[in-house]
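Before anything else, here is the set of structures, which you'll find just below.
Each of the next two complexes has subunit A plus one more chain, namely subunit B in the first and subunit C in the second.
Our next item is the complex of A and B:
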């Protein structure tokens, strides 16, 4: 089997190399105007410059700040509201479809409104990130707490568990894996929403930098920041998955 | 934990207990139990047997205080049951009611914490309970890593660790294959003979009922009442030779005769 895996990896690498090769070829041969598409090597050169000079710091700091605040708001509101809703079958039947319905509409359309409310700075990005991340968190929290196996609850009750013990030793650990999935999804879509909204209307941040270079006809620098954003996305995804795996393992 | 009262006489009295599910007039309204009465003597193992849906598990939940009867009264040690009393009554459930996110020993210790046992005792009591069911080497395993039979042993350890005078068992071996079940039955008989607990044991299996019980209460089809109580009159612990004895076969047949009509009744009732 492991031999087969290597073949998959090889084909994947070959595919990437082909795309980048086509890019390099079309720009170096002048098939595409360098203003629209700089050469791959020029973009990489700029990317290395961005990394080595640390020019990315101010924008990265803004984007990460927005992401963390947005995530904390979504996580605390989503977990609290989700738990409260999960307490009765009635409120689950009322609110679960309601949240699922709102989740399915493109919430990013609220962004212009948020710019009016919270301004062009970090406020509107935090608001849109928190709004979008709230839904997977709240829905998974309802699912986690609302459908705990009754046998666990009955067993704990028969052994005399108090309300506090029931919450921390039975409900919470039973619901946690499902909640964790919601938190991971929320974190990732908050990052996407914040980057995207920075490219629409903003004062700083990674998305802002990318649009600024695009508008000033400096596409090599724009690609350098796109590479950087991809790098950050990869780092965030990997660390979130690692945290999740670690927590789940400790969970048994 | 033996309470002051005498060692003989009724430990559990069930008097005219009726349990109805659903409001009056609802077509789904079910009378699970109707004026069921039974007494269980101290130190006795009473098996409840009957057709599906006859209310035997319902009665067990009422004894354990996990539900309240619509009418009638249940008393344990002369005290009317009004809710779970974890210091007196421990439970073993049908499916695995172990918490899968905790190791076997942590499951036992969590039960002790729920019960309010002093922290200093929990380790020792948990280890002793696991040793008693032969799971000493599996203390650090998670329930998901155990076989069905071992899970039920672990659940039994959790209940034994609570050191209650009463033990309620709701079809604890129902999900196991017959061979595992027989071995567990032998071990249980051995173990319980030493503890002197008063036990109510719900089962579907005629052989299991005769093999384990001092007395077997046979339920009617729904609405459940107690049709007859059969005494087994055989000392504990019971050996393999009792399993193959004529006495067991005779009692098993007697139970079958009693149950046969009741089982037919439920089958007619549930036929579409």
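Our next item is the complex of A and C:
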């Protein structure tokens, strides 16, 4: 099995090489307008320049700041409301479909309103990120706390556990893994929504930088920042998954 | 604990009504009409849209963009998913590439898509299709791979040819996952098309959201967003119904 693995890697490399080769060829031969497609080498050159000069810092800082604030708002509101709702089966049946229903509407629709309320700056990005991340967090918190095996709760109570002990020793350990999934999903979709809303209308941030270079017809720099944003997205994805796995292991 | 209890559905309705009342009263008491509208005037604006031909046209365009992008994504995603799912070689070589591409935040390439396809409907359709195609491919691959090996072995031992196995075992078994993929694709399709609409738009809904924001007409903005939300809910619900219907026989 593993003996044949190199074949697949080879095919993947060949595919990548073909795409990049086609890119370089079509731009150097002038098949595609240089405004649409700069040469691959020029884009890589700009990308290296962005990385080495640290020119990405101001925009990255804005985007990460928006992401962290949005996530903190969504996490605290989502966990608190989710926990409160999960306390009775009745309130779960009332609120869970309500949150799930609202969640099925694309949140980005609210962005024009948020621009009206909070302006073009970081405020509207934080609001959209917090709104979109709230739903997976609250739904998973409800699912986590709402469906703890009743035997454990009864057993703990019959052994005289206090409310605090019940929360930290029974409910929390049972609910935590499910909550964690919601938090990870919330974090990732908040990042995507913030990037998207920076693209639509903003004053700074990674999405804003990409748009600026697109509109000033500077495609090599635009591609450099597209590469950079993708790099950041992949880094965030992997680090969040790693944190989740580690917490899960330490917890379980 | 009260003795008389509302059903959960009625209580939910009550919560929604209470929120609308708080919104109405709150805005009437202390709200800047340039930024916020009470629900009653949103409803008035909503009714005004019935005779507002440009807005109706924009909504129709958006609906059309959503459907076109969805169909393109299915036309590309279905064969791609089948090939990658059924062909061992294709799976081992190209599935990682699909997953990698799926992980890329597509908002980054939105300006590029607009540069390529212009500010008309074409760029919205393209962006919606690139959003919708990945969930289809990934769920179809998972669906094809999820067919129980016993069934395939069983069919083979009874002398079924590859084509017969494909037609009678594999394809019927991936129908539920196909519809799950369609539902997920519709969710992504909505995000893609709406993002592109809001980014830049000639006569689509994005044009009007910008217009209503810049002319400080929040009631019209709310009404337009409500229409779009209704379209989203409708399309999502259609896909969910289809999914439920098609997966019922499977259990």
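Just so it is clear, the second predicted complex is superposed on the first by the 242 of 252 C-alpha atoms of A that agree within 3 Å, B and C clash if a C-alpha of one lies under 4 Å from a C-alpha of the other, contacts with A are read in each partner's own complex, and residues count from 1 in each chain.
In this section, a residue touches a chain if its C-beta (ideal position, glycine included) is under 8 Å from a C-beta of that chain, and two chains touch if they have at least 3 such contacts.
All values derive from a computational prediction rather than experimental measurement.
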Q.
I'd like to know which partner A:173 touches here: subunit B for first, subunit C for second, both or neither.
A. first
**Q.** Partner chain(s) touched by A:214 [first = subunit B, second = subunit C, both, neither]
**A.** second
Q.
In this superposition, which partner touches a larger number of subunit A residues, subunit B or subunit C?
A. C
Q: Once the structures are superposed on A, label A:12 by its partner contacts, choosing first (subunit B), second (subunit C), both or neither.
A: second
(Q) For A:84, using the defined touch cut-off, is the partner it touches subunit B, subunit C, both, or neither? Pick first, second, both or neither. (A) neither
Q) In the superposed arrangement, does A:159 touch subunit B (first), subunit C (second), both or neither? A) first
(Q) Going by the contact rule set out at the top, does A:106 touch subunit B (first), subunit C (second), both, or neither? (A) second
Q: Return first, second, both or neither, reflecting whether A:117 touches subunit B, subunit C, both chains, or no partner chain.
A: second
Q. Shared contact residues on subunit A for subunit B and subunit C?
A. none
Q.
Please output the residues of subunit A touching subunit B within their complex, sorted ascending.
A. 151-152, 154-162, 165, 169-170, 173-174, 176, 251-252
Q.
So in the complex, the part of subunit C that touches subunit A is made up of which residues?
A. 5, 8, 11-12, 15-16, 35-36, 89, 92-94, 96-97, 103-105, 107-112, 114-116, 187, 190-191, 194-195, 198-199, 209-210, 212-213, 216, 218, 221-222, 225, 228-229, 232-233, 236
Q. Inside the complex, what are the residues of subunit A that reach subunit C?
A. 7-8, 11-12, 15, 35-36, 90, 93-95, 97-98, 104-106, 108-113, 115-117, 191-192, 195-196, 198-201, 206-207, 210-211, 214-215, 219, 222, 225-226, 229-230, 233-234, 237
(Q) With touch defined as at the start, can you tell me which subunit B residues reach subunit A in the complex? (A) 64, 66, 84, 86-87, 89-91, 93, 95-97, 99-103, 110-111, 113-116, 142, 158, 162
